[in-house]
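I have a structure here, written as structure tokens, and I will follow up with some questions on it.
Note that the chains are named A, B, C and D in the order they appear, and that numbering of residues resets to 1 at the start of each chain.
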Amino acid sequence: MGDTVIVVGAGLAGIQVSHQLADLGLRVHLVEKEATVGGLSAHLGKVFPTDDCALCLDACEELFSGHHRRCQYRSLLGTQKKLSLHTLTEVRSIKHEGDKFSVSLKTTPRYVLLDRCVVCLECINVCDVEVPDELNLGRVLRRAVYRPIPQGVPLAPIIDMNSCTKCSKCVDVCKVDAIDLEQKCKTRTIKADAVVLATGVEESSPSVLPGYAYGHCEDVLTQRELGRLLDSAGPSNGKALTASGRQVGSVTMILCAGSRDLNAVEYCSRACCTYSLKHAIMLREQGVDVTICYMDLRVPTHSQSFLERARESDVTFVRGKPDHVVVREGSPVTIVEDTESQKRLEIESDLVVLASPLVPHAAEREVFNSFLDKYGFAARHNALKGIYACGTSTGANDIPGSVAEANSVALEVYMALKGGA
Amino acid sequence: MTETGEKKGLPDVFIEPINMSELDRGFRKEIQSMPNGEELSACFACSTCTSACPVANIWEIKPHQLIRMIILGMREKVLSSKEIWLCLTCFECQERCPQGVRVTDIFFDCKNLAAEENMIPDSIVALGKELLEKGQLYIVTADWEREDLDLEPDVPGLSTDAVKRVLGGTRTGRLVKGGK
Amino acid sequence: MPKKKDEHRIGVFICSCGTNIGGVIDVRKLARDFKDYPGVTFTTSNMFTCSKDGQDKIAEMIKEKDLTGVVIGACTPKLHEQLFREILEENDLNPFRLAQANLREHDTWVHGDDPEVAYKVAYDLVAGAIERAKTLEDIGFEEYPVDKSVLVIGAGIAGIQSALDLADKGIKVCLVEKYTSIGGYMARLEKTFPTLDCSMCILSPKLSAVERHKNIEILSYSEVIEVERDYGNFNVRVKKKPRYVSIEDCINCGACERNCPVTGRAEWNLGLGDRKAIYKPFPQAVPGVFFLDKDSCTHWTDGCTICAEKCPRDAISYDVEIEEIEIKVGAIIAATGFVEMDIEELSEYGGGKFTNVLTAGQYGRLLSLVGPTEGKILLPPSFEQSPKRIAYINCAGSRDENHRPWCCNFGCMYTLRHAEMTHRLYGDDIDQWIIYHELRAGGKEYEQFYRRVRESGVRFVRGFPSEMIEEKDGSISFSVFDQGTGSLLRLNFDMVVLTMAIDPSPGTAHLAHMLGVDRSEGGFMKELHPKLEPVNTKSRGVFIAGACQSPKDIPASVADGKAAASAAASHVLKGKVRVQMDKAVVDETLCIGCGLCEKVCPFDAISMTVRDDERQLAEVSSILCTGCGKCQVVCPIGAIKRKHFTTEQIEAEVLGLISAHRKREQSAKTSGGVSS
Amino acid sequence: MSIYSLYMGCSVPANYPNYEASMLKVAESFELTLEYLNDVACCGSPNLRAMDYWGWALVNARTLALADITEHDIVTPCNGCFGSLKDVYHLLKHDTEYRTSINVELEAEGLEFTGTSRPRHFIEVLYTDVGLDSIRKKISKPLDGVGIAIHYGCHLLRPGDVTEITPEVLSELVRVTGAHVVEYPLWKQCCGATVLPVDEALAIRLARDKLKSMKEAGAAFVTVVCPACCNQLDLQQLGLRELYGEKFDLPILFYPQILGLALGFDEDEVGLGMNRVPAKPILQHFSK
């Protein structure tokens, strides 16, 4: 048996499994379609249940020998010789050839050469193009050459060719010739002995449920978007502001906004109750009134403290699922029946935040179709030997669940390739 | 104080709970066997239907409560409720049910069961009577308007006999005859 | 500038931490203000000192300025101290030459509303750190060998999974189980949710795999009684209780059980029904032999020897003594599982008093084909009649401040499974009601399972039941306000099943203490970090898996078992453990052998040993020492010091802090203005 | 040239000949042949459905069976009729048992429900079969962007899986005339027609809220495609003025009236004078 493993997706689970496999001596290619690693967790700001900064949360090679926190910048690149990270890279096809897999990868250009860039960021300073930063809800501007997440790995900037004018100022200012505006897509094929799917989940767009006025009213956000607002590196430095820039005084959260719903996603997304509570507590710390409309609060025991803290900090809980959100004088108003008081409430608030269901990334669907169930999640044990899955690619899960699963998959892969002793 | 000095029973201060014996176990199945009732049991009481309803606010029993009552078997209470007759039939509740329960359709089913047991507002029976007698709900009264617009004076194509014939033998016929 | 020998060359790096620090105080100014501070060679500030840019800056300056110490004003050392130390190490400066001032948690997060005060505090903290940095010494590390073997305590599904995974990797495993058979709670289940797979069909291949594996030794009916740390390894004493039936000789003929005249309460069936004094708990038990329960057997009171007489192989012997064995392992996995909370605590539900109030675990035994009723739902105690109406009460004792505030994590699904199985067996003949107040079905395919159960006609009432009353006919009545219909219901059932709150197994507290593992709410064993190290503990080499950490369902327990195996394997396969020597050390020239330190050490790391010159002095085991510093405090003459936090170093820091404060006060008085 | 079986129901011909006439005019200009379906019965919606589901299903199945003979789709301008036909059609399509028992009854008249003829709402025929492009080409007098609020009517849109019509259908049709579609908060809300026999006050209240919402959102005119809705919004407006002194002055027009005017018909041809709230002011908004 060979020893090459391809891990698809560099979220927390993918990073975890890659590290462990490399640590055990296997050759690992970690493939990530975005420009930086971290997956959904990198957008969630603090993460539950410990309120860590998600970017510090990467497990590392020394996971088992003492300390447990190291940030992503160091752990991944350079330290592990057996681990290659391929960002901006997608899997185009997987072919089964005997015991091996032939995996075809396509890398879209970053236009900044990773092996040369020293991250002086002069290029960003000279860039004249300013466009709304989509990652930060379009509320702030970024340059055509930019870093999607300032601490994201790799640290080098990326050029957005859709807005770049090719004025070449960045090329001129770069002292190490790290910018190549003519970079082309690259494809390559890697022979692997095992493939681990850690493709993860993303928030689905709430536009399937038009009743919640998402896209119609700028103050109706998803939890991920709220996460950006509450992130100190986000568009308002962690302050909750409305689209018009006003300090938010009240927030209404709608849980299961599309989960457990035959019109959208029939399963339970599992993690949203807890991160909604986390955001609620963070908002309460800013003095914001928070109302949470829910059906069942599904908080696992290890996150139970969030529910208690939310109750103690006077978050209002309304047990009922809102049918719709109307916009009155520019502000969203949530219409809900409180089944406990048996009263219909019209909750006026500055923001409405939807806990949109977590769904598998659409991009991978086609390539991996034969390994996926009807929702697009990977089966934990695939019929095809040599294909493994972990983290949220097997079903919506929270971080502790993903990490535990990644741990166990690493050992499984190792044992399959290296046998017993 | 009672002036007559008659002995009265203990004052009625407790709200009597609904006793299990008052619950009709078959009610759920009865509804489920009616048109569009199959999904009834899928309800998990999220109350989306109630918040979707434009008029539930003035109801004593809310739409989601009616559905739960059907599931638990509170037949009498559901069928005698005035709420089922106050349903706008606008289908907003049904449209938004996350579990695919056909709420409005189920209320139609309830109304049919109520009608079968003569628990039906007089005004609805009156409408039935009109329909049965005239064969249509609306009668042309201003045929000059139609003529002005080059239209036939009578309702084109409408056969009043058909309605009379068909409905005479169904529940409408029985209700109208039996009256109340 | 002339350079003196032994001069301090300290670099000061102030982090803005985005806006966490920089949003409150002017970090640039703070860095500038230390430019001329005695001993400081270089100062700077940056956006994220922990970022690559920040790290590179530190590395560059260590080399360029030949720094003797690094001071970082940033967040709590808990977060990035290790990272910063590594930068020092990579650049040939001892990692312990780092002093970190916590400007975020200790200052800007507290004084965010008063930037002026925040700035002053920041200045003082950094000054203290600089003074401390001047006194820091180089600290090295030591290595100890680790044995390639693991002790797994508890043979439920998590422990079994760990044992198998480890054994497959060629690691010797000793699997200790308190009960007479391995298998744990899962072996009691008839079917598992959400697929309704037969539980034993999944489990029994694992049981026999464990039994046959050449790398696994099973110690059933045994308990760990002592754990001693021997540098990299553990010396563990295990008490093997006598089962009075020889595992080697018993041929499973059952003659002993058939002839035994004594009955006892069937523990395996959670108290439902009886068993003999000599018995086999369930057909697929491993070890697959009989077992004599001394507590119910009358041999020791009336001298009965029927079973021994009937045994064709002389496998039964009454004079077996408790045996204690000692084993040496490189790592330990605790997987001791859970129990249902004692039903008698729930007097409001008639727990333990009303015959027809059962726990969900007991109900599960009724559903088992090898249980007391062979899979039929029958009313205790006679087990003749089927109930017509069953109520399941979810969260019985759970999420209840008066009982167990935590969620049991699997009770909702467990109840749904029971309802579904009962429905499949009895259809509409049994009217089933689930009284719940929140339905937590957050796992793969769980929501869909919940829907199937609703559709099967089970009735759901959202609310908590009132006190229960036992009617004359043995049925149970209670009231419940149903939030779904908004009405108060008075209900009556033939059988009430309580989905009990979950406790850690008895003995968990004692075991945790022996292993040096913390416990969390409810007495469950505590992990090192819930996210990244869910199976590691603060005790190096000790791992936890499954429901001993918190209530868990089967998939989570299996994943845990695998993860713990993976962690333990990584630990023992390295063959050695590295210990950083930032521990307590004894200055033997000063020590007077008073023994105070030995008394206060909470980790038994200090012992009094006799030296060559016959003096009895304190000695510290560096692997046990956690560096808590208690000994340093009690030592009457300052002979024992916790390295890296010596009295001198702490004093230097405090004095630096105070003098910076004083100086500022002074200059404020003389200049009359507000100074930094 | 397409042929359709036309089912008028009773309300449109009895109360709103202007709707009927304008619809016929519009159909004619797009070469849609609408042939009156004969011997059909009133749909009874929705009160008949409430008291006598079987009778209601039978009456409407009979109508559908009559249309099946023509082999043309059955077209109606009334949301009530549409809802009834579509619902029964959906039921019989999906519930074979029910269909069998219905057909047993219909056999007496020699009829059978086969499902060949699909129930269609007139505006959906305009949208799908004629198409926005063809309509746009024929418009000779477009509107000047005046704000029109749309009251879709519940039974046109819901239940969505039965009616298979989305709000865009009517919005696009209104836009194509050159009007501006005014969005208003209560756009989905019911006009209240169903509860009129049971709770008149509630019905009036619903109509009034609806009108208020439209007015406040800046609507100058309102368009409807259902006689019952028109009753509630147009006729009730007069009552609201008389009884409560609430003046909305919101003219309520049937969609074919608006389209007809845009196609160049004169006001009498679309019966503009018959609208209860004077609708003539809309004429000023068509280009000359």
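The rule is simple: contacts are C-beta pairs under 8 Å (C-beta built on N, C-alpha and C of every residue); 3 or more make two chains touch, one makes a residue touch a chain.
Predicted, not measured: the structure shown is a model, and the values here were computed from it.
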Report the chain ID whose CA centroid sits closest to the centroid of the full protein CA set.
A
Could you see whether A-D or A-B has the larger number of C-beta contact pairs?
A-B
Report the inter-centroid distance (CA atoms only) between subunit A and subunit B in whole Å.
49
Distance from the mean Cα position of subunit C to that of subunit B, given in whole angstrom:
58
Just give me the whole-number Å value for how far the CA centre of subunit A lies from that of subunit C.
28
Where subunit A touches two or more other chains at once, by residue number
260, 319, 339, 342
When you check subunit B against every other chain, which residues touch at least two of them?
44-45, 62, 64, 92, 99
Mind pulling the subunit C residues that touch 2 or more other chains?
439, 451, 483-484, 486
What kind of graph do the touching chains make: line, ring, star, complete, other?
other
Judged by the touch rule stated earlier, which pairs of chains are there in contact?
A-B, A-C, A-D, B-C, B-D
Quick check on the complex: what are the subunit A residues that touch subunit B?
211, 256, 260-264, 295, 319-324, 335-337, 339, 342, 344
For subunit B, which residues are in contact with subunit C within the complex?
15, 17-20, 25, 28-29, 41-45, 61-62, 64-65, 68-69, 71-74, 99
Subunit D - residues contacting subunit B, complex:
6-11, 13-15, 17-18, 20-21, 36-42, 44, 46-55, 57-59, 62, 91, 95, 98, 154-155, 158-160, 188-190, 192, 194-195, 197-199, 202, 206, 268-269, 271, 274
Given the complex, residues on subunit C that touch subunit A span 18-20, 23, 47-48, 50-53, 55, 78-80, 82-83, 86, 165, 168-170, 405-409, 438-448, 451, 483-484, 486, 528-536, 540, 550-551, 556, 558-563, 565-567, 569-571, 574, 577-578
Tell me, which parts of subunit C touch subunit B in their complex?
389, 428, 431, 439, 450-451, 454-457, 459-462, 479, 482-492
